[in-house]
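Per-chain numbering from 1; labels A, B, C and D assigned in written order.
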């Protein structure tokens, strides 16, 4: 990986003037991803799902995109990019372009875990060349923090609120990585903008696969999660250090854990700074944090075992 | 002379009644200045259910897309449908009925109450089993129809169907030869 | 800013935008309540501020080195300050109100004296 | 020279698509249009066309992939029916809003529920305001001809609007008819090459497709889009003439069948028009001045032209192959009545629902409509403004 100084010299694919909240990590993730793309070698075309990131970067008559970009709806980033990629095959065949073009679809958890899952699954099964990046901000943030299947256990959202009888979301988060694993892609990974070098490595690898790839990225949301804007990267780092968000790859079915914290922090460290988890720290709710810790530990242990086994597809 | 002819086919799903109705439309339309239409009444029938198909022939462009027909000819493709379907429904007074059966004509007339109609019988199942090893009565019934109506000579009808089958490009020579044999035999045997 | 907006028969069909990255002309700097202030003397050019900035507001020269802050677009989130790895920070936050009407030198002094 | 063929309406559509040989087809099978993607897949497998076929997992993804492909930069087609069309709904508006000239074959079918797979116009009438050009065919020949013309109409620089070519499910889609298939080369020459305006794949000129338009922009974009749709009317006429020159079958926005001196007029679309023509002929033989106005172009709706040709009638019956769904009548009825409001002569207009979910509409039913029109003229009274054809039980 190039030095940051070298990457900083590159023309950016995503520019400023967008309307994301101060401290939003959507743009951080995409800036890192586009910096990682080897744009001397190939061009990038992006399809975006409806969401915060999309409405903030493509607000007529303004666009923050320096690369070709298309948005059409919420649930179809994958099928939209599939169409573009199909046309690219035709252009290649007919000699209308001699360029190497790589495709990226970007959506949040709403457009990926939930409403867009079918289109994503279909596009992967058909084997289109595209990298699907899910910026997972744990809820439908564009419409004001409604729970999604990516919302973690215990989190208070506007449709899984903390109340006198129910304390936030009662179900655990969907393990989307396992859902995607079932598609037997060559490469899928989980990353965090706090660990930029790791994220960039993953994007670069994924874009070099001639087929579908997937990267799940934690996208701390200052507004929905309730933490001060300047803490955004720190929160992402805490998710990684508590193993709430393990950094790992599944290469041909083989699990590779990219980061094992020397000192695995208790989940409280991650939960405490976020308002959405504030109620978990009230007296009498200790068991909820215990349950949270249990879920995280269980998943982490499972990942470690899978890595140890070394099995692939 | 008007070439107008309305034909109704009764069969069971899987026996090729629809294919037969459409094949006939295709064959007849190869003649200059003759028009045809082939269609079926569709439900969600799976193999075995009774089905009805239609062929319209005319020397004018056929514009009517309704399913209503007063047939000149009714074909019964499956002997086991005897008595189960109303063969006479809408049949013109001087209408013809061609039945795939091993019974003789008198028995069929008696059974179906077809007194006063022009009834023909042919054992298309036996012909088909002999020639093709399976009871697919649709092509022999086309052969019988050709004879009864005089629409095609024996050579014309067997050549026509064979060409269509060859054009499909998915049938082995054995099947094509079997069909030729079945058509010609039915043409000769219908009475 | 009373810019004349295009009429219905002047817009590009399909709401297509042919001017890539034109949002740069939309200045989000006005959203800022606090601003990051840079002290080049303390800066080690690690570029963490650049890689973590949500608003591409770390100015960079042709060698890829940081040269300051794009205050036209910086929304003042403070991530750069938080992520500046030096103990004696090369970046710090200052209330916009305290920066008003002051020169760059005065602002830097004000910010880093705290 | 074209050749006479005996094939179904679906095969007519599939052959039109094969001959057009679009860059991309993205489709999902649904009765009764399923044979279209099937045949296309076979043509590709046999090397008879080299379209990139995207076998999507739903109709929503079909239209999404069509949008992606068309924005990518090229000619794109698809096919669907009924619930599949309904699943595309959201994307239909986006395709037209994005001004992507996608062309779609629709074997028109009833919408559930209850589930019904047969012909009616619930799909294309339900989506009539999605901003697409809508051409409706009477038979297989028109289904074939319309799709070829639709490409040219949709891609016209002044139009740049998606178009659908509809034909009745089963009545046409599954019926073998005799029609002329033109030479592949001549069809390709007729549709010509398509030059996309803002292709995403031209990466040296990055474009943004699908930015959201806030209140100070959305209205302007919608009206700009409407202009494109309205421009289609003249283009339909011109392309119809061009088609006539190339292939000997000229088309307009409607067909006036024995309308010159007609007193009693039926207005309809689709396969029922053929049946109606037979009835008109037999009535004419008996000295009844019956006529048929067959509408070919439903969107954009040619209200002025229709008012002109209809205002000479003494009584008019509009046949809608949908339920009025709570409106004063079916959509065609409401459009026709509204069009006549400004005419000098405003004949009485009545409305029938017919053929829902594949219900057979026979000459006897059409005859009853003309009988009613005659009665209206004789008595000067309209007893029922709305009625149903071939429905069990008297409506109302």
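What we mean here is this: a residue touches a chain if its C-beta (ideal position, glycine included) is under 8 Å from a C-beta of that chain, and two chains touch if they have at least 3 such contacts.
Model, not experiment: these values are computed from the prediction.
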Selected interface, B-D versus A-C, where C-beta contact pairs are more numerous: A-C
Where chain A and chain C are represented by their mean Cα positions, the distance between them in whole Å: 25
Rounded Å distance, chain A centre to chain B centre (Cα mean): 63
Where chain B and chain D are represented by their mean Cα positions, the distance between them in whole Å: 34
Intercentroid distance (Cα basis), chain C paired with chain B, Å: 82
Sequence positions of chain A contacting 2 or more other chains: 58-63, 65-67
Per-residue multi-chain contacts in chain B, two or more chains: none
Multi-partner residues of chain D (each touching 2 or more other chains): 98, 206-211, 213, 217, 221
Touch-based graph of the chains, sorted into line, ring, star, complete or other: other
Pairwise chain contacts, counting only pairs that touch as defined: A-C, A-D, B-D, C-D
Chain C-facing residues of chain A, complex: 3-9, 12, 14-20, 22-28, 31-32, 35, 57-67, 193, 196, 222, 228-234
Chain C residues touching chain D - in the complex, by the definition given at the top: 5-9, 11, 13-18, 20
Residue numbers on chain D that touch chain B, as the complex places them: 4, 6-8, 117-118, 138-139, 168, 170-172, 174-178, 271-275, 277-278, 360-364
Chain B - residues contacting chain D, complex: 21-22, 25-26, 29-30, 35-40, 42, 44, 61-68
Touching residues (chain side chain D, partner chain A) in the complex: 23-24, 26, 50, 52, 54-58, 60-62, 64-74, 76, 90-91, 94, 98, 200-203, 206-214, 217, 221
